[in-house]
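Note that the chains take the letters A, B and C in the order they are written out, and that residue 1 is the start of every chain.
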Amino acid sequence: MSRLLRHPMAVVGGLLLAVVVVASVAAPLLATSDPIKPSFGKRLQPPRVLGGTSAYVLGTDNLGRDIYARLLYGGRVSLALAASAVVLAASVGVTVGLAAGVLGGRLDDLVMRVADVQLAFPVIMLAIAIVAVVGTSPGALVSVLALSGWVLYARTVRAAVLTIRQLDYVEAARTLGASDLRVVVLHILPNTLAPILVIGSSQFATMVLLESGLSFLGMGVQPPQPSWGAMLAEGRDYLSNAWWLATVPGVAISLVVLGANLLGDGLRDLLDPRLRE
Amino acid sequence: MQSYLLRRLWQSALTLVGVSLLVFVILRVIPGDPAKMLLPEGAPPSAIEELNRELGLREPIWVQYGIFVRSVVRGDFGQSFQYRAPALRVVVERVPATIQLALTAMVLTVLVGVSIGVLAAVRRGTGYDYAGTVLAVLGQSLPNFWLGIMLVLLFGVTLRWLPTSGFQGWQYLVLPSITLAAFPTALVARLTRSSLLEILSQEYIRTGRAKGLAEPAVILRHALRNATIPLLTLLGLQIGTLLGGAVITESVFAWPGMGKLVVDAIFFRDFPVVQTVLILSATIFVAINLVIDVLYTVLDPRIRYG
Amino acid sequence: MNRREFLVGSGVVLGASAVRPTVAGAQAQPPRGHIIAGLSERMLTLDPANHYSISATSVLRHVYDPLLDVTNDDKFVPALAESWRPVNNTTWRFTLRKGVTFHDGTPFNADSVVFTLKRVRDGKLVKSFVYQDIEDVQKDGDYAVTVTTKRPFGSLPAHLTMLGMLPPIAAGSEDAFFQKPVGTGPFRFVSWTHGDHVELAANPKYWKPGIPKVEKVTVRFITELSTRAAALRAGEIHVIDRVSPDMVQTLKGTPGVKVLDTPAVEAQRWHFQLARDNVKDPRVRKAISLAIDRNVIIKDLLLGYARPVVNPVPPGLIGHTNLGQKPYDPEKAKQLLKQAGQSNLAIDFVLMKDLYPKQLEIAQAVAAMLGEVGIKVNIRNLEIATAREQRTAGNYDLFFSGWAHMPHDPDWYFGQWFTKAGAEKMTRFNDPKVEQLIAEGRVPDPKVRQQKYEEIERILWEDEPEIWPYYTVAIYAVSDKLRNFEARRDYYVLLSEVGIA
């Protein structure tokens, strides 16, 4: 714990994330208006700070809905989806990358070629194919998002493993009889942590943006349910006259990314064995 | 190494065949009817059926694939359903613009990203580091279209320093490449900083005790080498993304690139164009991946493939 | 307003007067200047018979001439045909303009017309299905053509406004011809970069004196609205189409830019899947119609850039008559739903992604309105290909669509959506009385057509197989350097009579 406190930025990051998560979860308590019901006479009102009415602190959108309320409710959806997708992508990617790097040979070749094949397909096409087979459930959406991200983890981890497995102390552990698995978990995995954390904390934004891009396939939440991705998409056409529609969710995403980055960097400092005295 | 290369080349061929088969099947199995997309909403079902037959889509799928393979071997990737022109020509027309944008964005990414990362790591905890963090956060979280449209509004409309869209000269490259490079630059900056920090803290601790600070240049060089492999991995993937996945940037800047071409073709169910682009993409990914795997062994002689 | 007479008699009168140059026009200036247009839709082909896209029609109208044109106030006027008349219910006779040449110098005459019409009828082209009713095309001397049809084809002249005339040399080597096509139009084709832009150059020997006004036209395809508007605002291009209502303020506030708008020949239409239990009952459909406040959509969402609907067919077209606006009455809607035993209805509202401006916004507004009367709406915003498959399979209750009457004639609309054969794989509409009226409305006599179409419209207005929430308004923005630009109702951007300062 004291070690954690020696990394104030990590704490800041963690707190930031916690605030966002708690706010989203507490949306029903915090939101003062209905995020779904349109209010036609109140369209496109700027946020209070910029001269809007006092009723809407973050302004209203193209259907007169309270952006603050939509931000809170939308956060639930986006945080859950993006976080699940990142976790899934990282789990699959890291496992595959470890296996490919440690076991090498045919497995390595097979897995990397599968990755090549998949990379050739644009995400949208994979999404259409997946929807055709399993429908548009949230699970399908998370799968598509994860599918778009796992390869980076796999390749990065594999590269790190290739570097490390030749190292002396790893060889030494092997000759002393440590099983492969033990070697992997105790020696190799921690050394690959740094890039994994960097990538993982960077991918959140990408996942939200992807979610926004896939909503028209019927995946994810359908309008009028809010999500940060949906808010971005709807705000795209209003950038020159009502820029807050897309900017507000963009700022929210930035805050989450900031928190994730700081926390990720801090965790890396904590967990990286090479930094331990 | 010889046998490894041969093995990889053989697998590459297999991969390409696999991709061609997979894309062929997926296109014909997902819902969506190319004839319907070409004809207006008010066309009778008989006309739709006629056109599908005309496009060769009523043959059994293995017959279609056979015809496709025989043509590809002769360099004929079929006629684009949308444009009624050879699919290969339609795709190749987009290559120059795509490559120029990808290359420019790549160069920006490496130069700016690595610089920021190095500065942030070396000056850890200072204003430079914080500035770097802020830039990295912005780069990762700003949506492509937001950045692109804002840049156009500022530099194209208000200031009129740069053109707003299209591709007719080098100045048209500026805004799109900045937009495209934002995210990878941020990622590169963070990876660089992270990799550097690992080494720097070690070195400092070790050598600092030994004889006072060792030459910064030596430390930096050693540290950068540590960063190179993950960076190379990232960049390898980025090239592919830049080539085929820049659809949003291309839409915003009306850039005649392959990203928009393939996405439009998917929505339009223009099978020949989708097939051509995907086979081309697969070839590029396979080639890049091979080059990078070889580069790993050059950069770090400890790496061997077993 | 008795415009219908033009189809029969005044074609001759107008034809004669159009050939004689006006005094002012005789000393017309040579073409000068370069106009750059930014269109929202990519052009896909240079073959006028092989597409039904509004943007391609715009561009190709500059290269090819059709036999007749339609003006912005729905009058059919001569182009390559000086006059036309129905000889009987199944025969049309076209008298052609003399002294016209193609861009390569070959003369335009009846051979071209015969070739063009037979090619589109017999080929496997996108427009082929429209011309299947043509029995034969015969030349009558070099400057007259007689077209006989299997059934009455009263809307043939209207469809011909969209079919550019091709030279017979195109036969046999079409691929080569369409690399560098020639037509009789005011501009020559110079080059086409797929998906990016088209270059056109003035035809100095155009048969209309003083036309074109500019030397060069470049048409760029810019699908993103913000980018299109930005290019105009930055002075890089001179005209853009498909401006959204929300963009109007910004554009009006830009110096050097003007915004022009006109009611379009398009009705937004949300059609019901008539075989689905949910909406089979006409009371349910009526209730849904009563629960939608169309004025709010027009005023608040489309910012006044739409017009209230008084007939499935927009004003100006044959058959239009004022049937009064549909009322907004949520209380009555609730009662009707209760009567029909559907107080807790849930319906699927399918949209085709990005096809119509603000469609997602409007659909959400409708969902809220229907929610007020107890109907739950599931909005399904799908990519176009999937949406159309769902439509064929019948997996929807309400489908967001529209119909732009590009030929300025409603026969195609009725024939496609309200006959059994046409609607079979779409809405499953089936009403023998309407079917018969449609057949009877195909004769060339405009008085008969008007009467039959009015009957059809009354039936549809009562039965409500579709909801027509508003007529659209076409909004364009132009640089104030342009002279004489006309905001067209059919979304075409036509530049032959436009000059640049």
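Methods note: contacts are C-beta pairs under 8 Å (C-beta built on N, C-alpha and C of every residue); 3 or more make two chains touch, one makes a residue touch a chain.
Every value quoted in this text rests on a predicted model; they were computed, and no experiment measured them.
Peer 1: Could you find the chain whose CA centre sits the greatest distance from that of subunit C?
Peer 2: A
Peer 1: When you take the mean of every protein CA atom shown, which chain's own CA mean is nearest to it?
Peer 2: Minimum centroid-to-centroid distance belongs to B.
Peer 1: Could you tell me which pair, A-C or A-B, is linked by more C-beta pairs in contact?
Peer 2: Between the chain pairs A-B and A-C, A-B carries more contacts.
Peer 1: Just curious, how far off is subunit C from subunit B if you go by their C-alpha centres, in Å?
Peer 2: Those two chain centres are 39 Å apart.
Peer 1: I'd like to verify one number: the distance from the centre of subunit A to the centre of subunit B, where each centre is the average of its C-alpha atoms, in whole angstrom.
Peer 2: From the centre of subunit A to the centre of subunit B is 20 Å.
Peer 1: Just how far, in Å, is the C-alpha centre of subunit C from the one of subunit A?
Peer 2: The separation of the two C-alpha centroids amounts to 45 Å.
Peer 1: Return the residues of subunit B touching two or more other chains; collapse runs of consecutive numbers into ranges.
Peer 2: 31-32, 149, 153, in rising order.
Peer 1: Mind pulling the subunit A residues that touch 2 or more other chains?
Peer 2: 128, 236, 239-240
Peer 1: Give me the residue numbers in subunit C that touch at least two other chains, ranges are fine.
Peer 2: 226, 383, 386
Peer 1: Can you name the residues of subunit C that touch subunit A in the complex?
Peer 2: 225-226, 229, 244, 246-247, 249-250, 296, 300-301, 353-354, 360-361, 363-365, 367-368, 378-383, 386
Peer 1: Applying the document's contact rule, which stretches of subunit C touch subunit B when the two form their complex?
Peer 2: 42, 44-45, 47, 50, 52, 124, 126, 128-129, 178, 193-197, 220-224, 226-227, 230-231, 233-236, 383-386, 388-390, 392, 401, 403, 412-413, 416-417, 421-422, 424-425
Peer 1: Where on subunit B is subunit A touching in the complex?
Peer 2: Of all residues in subunit B, those touching subunit A are 7-8, 11, 14-15, 18-19, 22-23, 26, 29-32, 133, 136-138, 140-146, 149-150, 153, 183, 186-187, 190-191, 194-195, 198, 201-202, 205, 229-230, 232-234, 236-237, 240, 244-245, 247, 262-263, 266, 274, 278-279, 281-282, 285-286, 289, 296, 300, 302-306.
Peer 1: Please name which positions on subunit A make contact with subunit B in the complex.
Peer 2: 104-105, 108-109, 112-113, 116-117, 119-125, 128-129, 132, 151-152, 155-156, 159-160, 162-163, 166-167, 194-195, 197-199, 202, 205-206, 209, 212, 232, 236, 239-240, 246-247, 250, 253-254, 256-258, 261-262, 265, 268, 272, 274-275, 277
Peer 1: Tell me, which parts of subunit A touch subunit C in their complex?
Peer 2: 36-38, 40-41, 43-44, 62-63, 128, 131, 215-218, 222-224, 234, 236-242
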